[in-house]
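One structure is given below, encoded as structure tokens.
By written order: A, B, C and D. Residues from 1 in each chain.
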Amino acid sequence: MKNKRFAIVLDTERCIDCKACTVACKAENDVPLGPNNYRNWVVASKLRGKYPNLGQSYTPSQCQHCSNAPCEHVCPTRATFTSSDGIVDVKEEKCIGCKYCQTACPYNARYYNEETGAIDKCTFCAQRIYAVPPRLPACVDTCPTKVRAFGDLNDPNSEVSLLLARNPSKVLKPAMGTNPHLFYLD
Amino acid sequence: MANPKKQKMSRRKFLGISSCALTTAVVGSQVKVLKALAKSGDISEPVAAITKDVYTSCGMCVNKCGVIARVRDGVIHKLDPNPNFFPKSRGMLCARGNAGTKVVYDPDRLKYPLIRVGERGEGKWRRASWEEALDMVTNNMNQIAEKYNRASMMFASTEGTFSEHFFLQLAECYGTPNTLRHPTLCLSSNIQGFSATFGTNPTPDVKNADYIIMSGANRAEALMTPDSIDMIKTDGGGRRKLVYLDPRFTKTAAKADEWYPIKPGTDMAFILALINVIITEGLYDDDFIEENTVGFEQLAQHIKQYSPGWAATECDIPAKDIRRIAHEFANAAPSAVYYQGRRSSFFQNDTQMRRAMAILNAIVGAWDTKGGLLPNKKIALTKHDYLAPWYDDVPDRLDKGGVTYLSEKDGSWPVFRDRALAADPYPIKGMMVYKQNVLVSVPDRAKSLELMKQMDFICTIDITMSDTAWYSDVVLPEATYLERLDPPENLSGPVPVVAFRQPCVEAMFESKTNFWIMQQLAKRLGPEIAETFDFTMEEHIHHMLKKKPEIYDALFGKGVYYEDTEPEYGRLKGKRLRTRSGKIELYSEKYAKKGLDPLPVYKSPDKVPTNMYRLLVGRHAYFTHGTTANNALLHDLMPENTLWLAPSEARKLRLKNGQMVKVKSKVGEEKLKLEITEKIRPDSVYMAHGFGVLSKGLSNIAGVGGSDAALIESKYCPISGNCAMHETFVQITPA
Amino acid sequence: MSAFKNRPKLFVWMAILLLGMAAGAAGVIHVLIVGHAQSYNVTREIPWGLLIATYVFLVVSSTGLCLISSLGHVFGMKQFEFIGKRAILLAILTLLCGFGAIGMEINHPIRMGIYTILSPNFSSAIWWMGTLYGVYLMFLCAEFYFLMKGMHKGAFTMGVLGFTAAVSAHSNLGAVFGLLEARPFWHGSFLPIYFIVSALVSGCALIGMIVYFNHKKSGAPMPLKYADFMDTLGRLQILTLMTLVFFVVWKIIPGIYGHPPEKYEATMSMISGPFAFNFWFFEVLMGLVIPLCILFPKKTRTPTGVMFAGLSSTIGIFFMRYDLVIIGQLVSMREGTAELVNGLLQYTPSLSELGITIGAICTCLFLYTVAERLLPLDPEEH
Amino acid sequence: MLNLAERKKTYQIFSDLFRYPDQPSQAASAQSVADLSQLLHLDFPPELSQVPALREMEVAYTHLFVNSLGGTPAPPYGSVYLDAGNLLMGETSLKVEACYAAENLNLQGSDEPPDFLATELEFLYYLLDEEEAALAAGDTARQAELTNKQIVFFENYLSSWLPDFCERIAARSSDPFYLWIAEALQLFNRMEMALFEKVRKNSISELPTTS
């Protein structure tokens, strides 16, 4: 786990809003049924323009695994914590369900999981990336158009490092100072 | 007819009989009467403890993507895309594919053979043993053969299960010509139009095309791999352009470089105008035409009447854009395709429209070349040959002669149904259905219900209680795609592969593979038929692979077999095509002989009557036709369908967003929620397919949304027999 | 029951409170049986609902009571001394009922007890708020004990400590919201200060009602001393209300000026959006305008007038809390999401949430009414 | 409070009643209903003075528990209620199977998932039968162990979903036979819970072995 800093780089131009990532994540992580329960999602933007000149974008997202995570700061019992590999995670048994982290997260990446009785969120599929042999996070793996790339930013030759080196990118809500680790290619 | 004593001694029943002798035999010296549980000296690891990865093929739609099932403790925990090179699905799995585990572990799945007790459709069922249910099916089949004719049994089948050919084999051996498959609800006009031109239905090389024009095929939502993947712009492909024609702003429109909300039914005018510009301005590929085609002169004459100016008034696309697109297309050619893809047909002239597409592609030389149309390849597998019994008195297909070119195996649903309802020329009294949800997928549901009503006997084989199953007499539970060993399937294409299915887990309850069911029915229908099924699936697989046994190892080792990784271009160069002339037929001699237009002649679609709207239907990435809407994971994504209406029209009708509206066509009436959106032409309304089902048998979708099948009139293409899905007008009123 | 014999009004009052408590009990039972998810209308986007607002309202009341009463036994303003016991008692009860409301909102109150101690996070405003309110409760109880025993020195010490704890805890409650950068409507140093000011309004309002009803119940006319006190209280209330007006105005202007993203949409939902009625009718009219209209003219600044002003502003303040909590969450965190009514998220409290809120307030009043009858709360005459 | 033999019998009856009805079980059902009403002190339902014909029972059973209009109203499988996702073969299904295996039992006699209600009830019947044998042999240690196993199995895999299951039957059926059975099962569930609560509070020996 040491010396890793996981991140996802997204090319939203490729997203067709098929929601394979959302369903793959639900299936992989036993996310309870219900339209409000999900760890990742696709935002369909407002329709741009007037008929017949229209446009719409689709932006997949999930927990940004911020280096400066507001959810971690506000958690009264340190149930939310950041691992040394950059993954922001929740210790279920410590979560008191105050939902402060839900109000603190600028990305609405968290929901309360009634099955586990704790706040739940994307973990970059830690169970998959640390499996032997390792597997990509479910959303990355399953995507038809391969919107997401996943990897270790501390490895200068990883796909994510190369993508970020070669392309301009941005993060969501940079003004929040959260230092997210989901990068969107311009 | 239900004599419980006749029931087959299943393992459960065997123990269920409270005979001390039997029970003691199983529980050993114990005196207690245990039924489900059994005591044995040797308790090995429970079956449930198995953890493994299993290669198989997805069965959520007809696409057959490569899947790896992660089995944990004997339960399928997750389905992942096949990580190995799989040219067709390229390591992806869509939302539906990911929801596949729900299919196996759905408490609503069919578990046991069921026999209807009350009136048809009343919903009174009882469980039956396989023995009894199968006997009942064959007794009825025999009775119908005796009372009427063998042809009075119809067999309706789905596609993509890898097993439907066994079902069709049974139909053939039983002796009925009346099999009905999906193509006339889908792409038979496409096959017809392109085959009449190229001798085959080629595949567009979407991955390498520099310029793609798509009309109607909504690849971002109606997913077809690998086209849905390849249509997305890749890095550095600066010259690639996608022009998209659709009366709706779909997700494909959002991804396209240009979107034109074309007037429905006028695609042919647009294509003819493109041809007109390319020919009159000399943008065509002279050498290619000279060498590979026939009929260019006739075409050049014929096309003169179809100017861009004329087309502009027909299809609501400005003439200057048509001209520009024609230039861009011709410049990009031969790495340019007018994408025909795979979609259902919308108008009665669909075959001729497809001909126009094919001709356009041909005159720019986009054939058998990188970025153009590619003839499909196949990996040869050994066929299973059988000798079907011969019956003297079996007439021709019921729908024979109903349309110009009828597929003998597929038939034409609308033509067949009309004739069956009129018993013309003979009655249809029995119905075997294999996973086709007739009441949801065939337009004009009232007629389908009428058809089912007149049956003496209906048997449906399925995995869930579909509407059609609900209206049947016997329902047989099939093992789901994750529980079956299915024969290898040749997925033809520019880069052909062989895929297969193997059971990831044991079949639950008493569900059985289609192959087993067919075998059992064959056995009951007599030795001559039984003989054609006299092999095990393993034997069958080995037989199919006997010329290339290495396929076997590839399938079990990495889930896929392929020989090429890239398409082979120019494969048919200099070879004779399977057309009459052996060349690409711009002018179709074959059509001329049949009295059909040898060159596509345009006819305007019917005008939308005042106060009415054209009903458009379509699919999306979350459900497969009418079969997966009950899947809880997918249901969360889209709990109901809505009726799209343009804001200007909603104002006129004084309707509010989200209110319930009544949609009324000549043949039916449905209620659903209104969605006011800029995404649709003002003269049309749209509803997604697969909702508003009749039976409440599917708990998640009962009574939510509207059914398109209930509204669409059964018009069809007279050449191919394909349904015309967009020729229905509806009235909208507040509900 | 004989206690009610001659007191039909008390009987009706108690019956109403018991009914309210029954509603609360029904809500609690519903939650315990079917769970939070099925009982509350809070969502993933709006995780904090009516119960948090109720909690804030009740603890603001508690803080206000503590602060105002401290004018007497801490700051030595003689006129305020006699209200000490009642104010502190009610401060304890409102705080406890506030804890009850938030306890129902939090999914795992027991885990909270364990892990706030075993695994504290000092950067969490909620942790500080909870801890400081816990300390504050202890001081209040001690202060009440000393007051009841007539131990003035102890009461003074505890009063000082309680005052400090109240200010710290309550400004921390403001910080719970104010530290959330994600919620521009809340974010900033404004809320901790605003919370203290509005607590003073609550405190004055509640003390006015206590004093009024305390004398009402005896049936005897109010002694001059108390009438004088009510006048002072009324004037103090004018001061706090005017300060609050100042704060409300300066909350709105930066929310609109220059259309600050998200803050503007939230503020406008209050000015002319779905929360406009709550704002203009309850917050402004009942919370500020009516009380000020009653209190300003000397003619209406009677004990009855002061009571009515207090009642009106208390109701207004309840809506201030509710609006503050909900409006802060109305703007979607997802940039550019389509298909939202007015571009805002929606929340309406469920019956369980309403029941528990009513129950919490009624329990508080019920306990106070009972205590009033059982405990010697009148000041010893010097 | 029921004694050991009565409980064993009750489990056996319920187990039989929640299996798909056949000729013998239909024939026995009149007796079963009578026995149950006596054991549980539940009024003998007048509408059941004539037990339904086999066909009626089959239709009602299929409607409620197999496949039917509006989805299977009350799937008789624990994991549908206990595990995430309303699915068969959830985590608890595997745990239930492990419980059987721990008693040297396997599911040879069933095509149903391990947490099929009738099988679970049969398993408890088995444990009680074993306990009876232990009692007869005077093996108190074994008896205590078996009591404990019943409690663990019942509380973890059965009692918590039975109320929901029975309510679903009540909500979606008009069949007097299964309605009454569901009511009886609810009652028995409560009795067992109360009994086990008592056992936990007192010593094991408090478990009534005789009336």
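Structure notes:
Criterion: a contact is a pair of C-beta atoms (placed from the backbone, for glycine too) under 8 Å apart; a residue touches a chain by one contact, two chains touch by 3 or more.
It should be emphasised that the depicted structure is a prediction, and the values quoted were computed from it without experimental measurement.
The remaining chains, with chain B left out and nothing else moved, touch as one piece. With centres computed from Cα atoms alone, the innermost chain of the structure is A. Chain pair with the larger contact count among A-D and A-B is A-B, by C-beta pairs in contact. As a whole-number value, the distance joining the C-alpha centres of chain B and chain D reads 45 Å. Taking the mean of the C-alpha atoms as each chain's centre, chain A and chain B sit 35 Å apart. As a whole-number value, the distance joining the C-alpha centres of chain B and chain C reads 63 Å.
Residues of chain B found to touch two or more other chains are 101, 632. Counting only residues that touch two or more partner chains, chain D has 85-86.
For chain A, the set of residues that touch two or more other chains comprises 33, 47.
Chains touching one another, given as pairs, are A-B, A-C, A-D, B-D. Those residues of chain B whose C-beta lies close enough to touch chain D in the complex are 2, 4-5, 10-18, 26, 32, 34-40, 43, 46, 48, 73-75, 101-102, 104-108, 110-112, 114, 117-118, 123-127, 465, 470, 475, 508-510, 630, 632, 695-700, 702.
Those residues of chain A whose C-beta lies close enough to touch chain D in the complex are 30, 32-33, 115.
Note for the complex: chain D touches chain A at residues 84-86. By the touch criterion stated above, chain A contacts chain B in their complex at residues 13-14, 16-20, 22-24, 26-28, 33-35, 47, 50-52, 54-58, 135, 138, 141-146.
The residues of chain C lying in touch with chain A in their complex are 35-37, 42-45, 47-48, 105-109, 111-112, 115-116, 118-121, 123-127, 130, 176, 179-183, 328-329, 332-338.
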